[in-house]
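Next come two complexes, and both contain chain A; in the first it sits with chain B, in the second with chain C.
On to the complex of A and B.
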């Protein structure tokens, strides 16, 4: 089921809201959320529902085992078991085919390639489940004794399919008690409407423009390549951040507060800032559950010690970070897809991060501010777009990358490329402006003025009425687009 | 604060009422539509439950489609949605000179070029000709001594075909003769393979000439018969271009009209040439004609623009260059370039106008030695001046809705009857072939039908023509009533017929393959032509 569809908005959601709020009992409410979540998942993938239930069961058991472990090594064994099982499930169902294909390519063997259909949301729910087991081990939270509560955490439909990656500790308390009021529901609806608007108004239209430009009518040109990838970058942002908004909004409607996932990433000055604003929950996950463990691992600490002893002080200081970053970014790339272009994309970003941290930051400091800013911001645009080019092309990667430099193109531009960009020109301008916090900034200023002149209470009411009008308008607009247009692609569904 | 809480609850209540109303209205629909007028397609219906579709998730996906497709007021929503699409463009800020390209959403469906980078032809062969039931073993003897038995007679004395194709040659051996042996001498690219039934398949891998000899023996003496084989090279590239067109499948909006495009397939041109020649061989007493209509872009004369889009004139030239054998290819390039500023094509429909079809008719009639009726000698009826055709649906672009077309019909001068046969065996007869009651292109011969016959009593009844056509042919056919007594019209997309069986004894004067450049060199139509004689 897709959030931005008439079925979800006009059948699933109203029914869920009705049944949830008709009962005041917390067990009833948890039960309703659970039933609807499982139904939501089964709607998309009936067979793999059992896999997800099995995953929840495994994590439940291992959480208890970790909790019961008397010695550190017993606990370590339990958490290792849990993590290994989670990764094994992910590995088999997502990467088996890829692994065999790559082996065949490298070794020249012809092992039959297993054709396993990717279970919906497996990349998200296994990562979420792992936060539970690991945090129990780290004594950040006690093991969850109620299977239904843990099941709700793992299967709750808003963030199940495409994030944000919610940690168990984020909502541990909310599984028990959630604050509900009309205000919370209104806030949730507003957030949901904004997300739906991003998806339907910007993501779908930019996707069509990108597809048309990449279709390379009358041969690919340099302009059609860069233009296509620009629209693609906008598509991915509005699609993904819109989905996160909808997820956060939906959670809010039922009293959950999920972590933020995007903070206007395209206004970043450089790659380091970008990864603090883009898919923040994934970055946080890799930082806390992979980067620090690697840094603190025996292998790395031993390496650091021996480097210090042999007098290589800078290497001793920097090498652990570089190793950890490489591991993290290789994994981040791989997490995005079972194909080598994704790994390359991850390594590409890892390289830029390392470069910025150890070389470029210092180099830019030597330049005058204005110049440094301009160079950084311009290069950031090209680095990001080129990164998307790597991300987009699972096949014929290097041929396609050549197009960006005029290799294998039929010219710099042609009448088709120009026409496509002209036909989507206004969309491009408005979409680019919408990537910035301009709207929020303006609203904030107006709110402050209202506060000052009318007082907080009245200002709040005006704000609420305004937001509701926006919600109704967005629902109406999206209904027109969704019922009237069948083109509704979604990228992160392959996760 | 209490006041805030009140407002919160009030707006939430209002929202719930609105959402709930739409939801309930949708659920309570009794009469759900099954067809979308505006999108010209069938709408999804409530799917049946099967375990298969349930487990694969298809059942639920179909339900979601059903809900979307039967959403209340959907037709209005679709039209509103299309209008919104014009907001994406910079045209609100400034008008751009030149053309707009909309990528054809149906691009590449059935119209793909099979071209790869190297242009060597793949192998293919046509269904073999039925060997003639010939009584060649007997011939009356002038001297009166009884019939002379011919030792060996071949199915043809000479044969010409295009490189890459094969040709079936069979021999009839006279009684008393035996040991049929085949041989070939000549250019290396021509070879033979003997088949089980004694016939031989001649393969022409490259251009050249050869002689295929069949030898038989009787009482130690050898007798032979020969067939001269000529294999023609494939010609790629016409007089004005060196390489085939790129696939510009985009639809174009330019100066108040919408255009579609087509491309030339170097792979299929020789196949088409070969099948035309096969038709000519199968109907030896009938003239085989090919009339390919260019698309509207041929009327764009501004070289700045025309150089960037599919060159219809070049496509016609290249098709003509590939022709082999006894086939009359009517190249319409010159007449259309000459009359390019006339109203030859619709602005909002991918078809030509009736006036556009006239020039194809006149060139064809001249090429078969007759005199076309001058265009002034037709009565013109205006069917409608508010026609919006297929291009609105294809492009999905609101601008096309303002490109009103006038449908003029050049009415046939002679009395006629048109009998339409449907695939269920039913037929209907009419005394018109242009139905002025239909306010669209479908007025011409009432649209596409599997099979129909127009009879014009005034014309010689033994003068007949078989028209194999796509929808362009619909406007072309009425003009033929000026000359032919019987016009048989076949649309191979809708009919399942073997025309060799049906018409081999009919005594057709002409066969004409009348399609546009988009149909005339792509895979689907090649298959249609093969299936008609298979």
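On to the complex of A and C.
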């Protein structure tokens, strides 16, 4: 089921809110959320519902085993078992086909490729479930004794299929106790409406512009390639951050606080900053559950020591980070999809991050501030767009990448590419401005002014009225657009 | 405790390639290059200096150099 669909907005959600709030006690509310979450998943994936239930059961058992482990090695064994089983599930259902295909290509064999349809949201809920087992092992939380509570954590519908990646420790307490009032519901609705607006108004229209440019009947040009990928970059941002907004908003409506996932990533100065602002919960996941463990692994520690002994001080300091970053970004790429272009995309970003950390940052410091800022900002735009070019092209990657440099194109530009850009010029400008914190900044200023002149209470009421108007307007607009529009998939459902 | 800070200063200087004097309230915000990547390099260097191993919870949970020094001091008493 898709959030930005009339069925979800006008039937599923109101019914859920009604049933949730008629009962006062926590068990009733948890039960309602659980039933609706399972229904939400089963709507599109009735068979794979059982896979998700199985995943929850496994993680429940291993959480208890880790907690019960008397010796450090018993605990380690239990956590390793849990992690391996989670990865095995992901491996079979997401990567088996890809692995066999790659094997066939390398060895020239013709092992039949298993035709497994990717279970919806498996990358997200598996990663969420793993935080639970690992955090029990790290003593960040006690094991959850109630299966239904853990099941709700893993299957909770707002963030189930496309993030944010919520850790168990993020909502551990909220599974017990949640603060809900009219304010939470209002704020949640507002956030949800903003997300839906991002999705329906911007993402879907940018998607059309990108497709038109990429599918240019007059043949690809350099302009249609860069122009197309620019609209694609905007589409992905509005699509994915819109989804996160909707998820966070939905969480709010039921008294849950989810972690933020985006912080205006496109205003970043460089790749390092970008990855602190883009899909923050995934970056945090890889940092805490892969980067740190690799850095602290016996292998890397040994390597560091032997390098130090042999007098390679700089290498001893930097090599572990480079190794760990390579592992992390190879995995990040692979996490996005079972295809080599995603792996290449991940390694591409890993390479830029390593380069920035060990070479470019130091070089930029030697330049005058102004110059270094200009170089960084301009190169960031091209690095990001080219990254998307790798990300977008699962097929014929290298032919397509050639187009960006005029290889295999019909020229730099043609009438079709230009008219497409002109036609979408207004959309481009408005979308670009909407990527910045400008609107939030202006609203903050106005709010401060109102606070000063009218007092907090009146200002709050005006804010309330304003937000309600925005919510109604966006719901109406989105409903109209969705009724006439057939294009509405969320990109991150693929992963 | 003073001796711990002296040795910490040395480790910080090694890791960040500049003369740094830390005190109990120094945080990652005070040192430009101290990001989440360098944090772990720093932790490993401190572990080696004092010959001890921190738990992952301690690694992620330290809020300032003071907390770090407290952990080191507590570990040495045991």
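One rule holds in what follows: the second predicted complex is superposed on the first by the 495 of 495 C-alpha atoms of A that agree within 3 Å, B and C clash if a C-alpha of one lies under 4 Å from a C-alpha of the other, contacts with A are read in each partner's own complex, and residues count from 1 in each chain.
Quick note on the criterion: a residue touches a chain if its C-beta (ideal position, glycine included) is under 8 Å from a C-beta of that chain, and two chains touch if they have at least 3 such contacts.
If you're wondering where the values come from, they're calculated on a predicted model, not measured in any experiment.
*Asks:* In the superposed arrangement, does A:1 touch chain B (first), chain C (second), both or neither?
*Replies:* first
*Asks:* Scan A:219 for contacts with chain B and chain C and give back first, second, both or neither.
*Replies:* first
*Asks:* Touching A:72, do we find chain B (first), chain C (second), both, or neither?
*Replies:* So A:72 meets neither chain B nor chain C here.
*Asks:* Contacts for A:320 in the overlay, against chain B (first) and chain C (second): which applies, first, second, both or neither?
*Replies:* Second partner only.
*Asks:* State whether chain B or chain C is in contact with more residues of chain A in the superposed arrangement.
*Replies:* B
*Asks:* So in the superposed three-chain picture, is A:357 touching just chain B, just chain C, both, or none of them (first/second/both/neither)?
*Replies:* A:357 sits against chain C, while chain B stays out of touch.
*Asks:* Is A:108 touching anything from chain B or chain C once the two structures are fitted on A? First, second, both or neither.
*Replies:* The answer is neither, since A:108 touches no partner chain.
*Asks:* Can you check the complex and tell me which residues of chain C touch chain A?
*Replies:* Contacts found on chain C: 14-15, 35-38, 40-41, 44, 48, 55-57, 59-60.
*Asks:* Okay, in this complex, where on chain A does chain B touch?
*Replies:* Listed in rising order, the residues of chain A that touch chain B are 1-2, 5-7, 9-11, 13-14, 17, 42-47, 181-183, 185-186, 189, 205, 209, 212, 215, 217-219, 410, 414-416, 419-420, 422-427, 457, 460-461, 464-465, 468, 471-472, 475, 479-486.
*Asks:* Can you check the complex and tell me which residues of chain A touch chain C?
*Replies:* 138-140, 272, 287-288, 291-293, 295-296, 301, 304-305, 317, 320-321, 324-325, 357
*Asks:* In the complex formed with chain A, which residues of chain B make contact?
*Replies:* 1, 3-5, 7-9, 11-12, 14-16, 18-20, 22-23, 26-27, 54-57, 60, 63-64, 67-68, 71, 74, 77-82, 84, 87-93, 96, 98-103, 107, 246-250, 308-309
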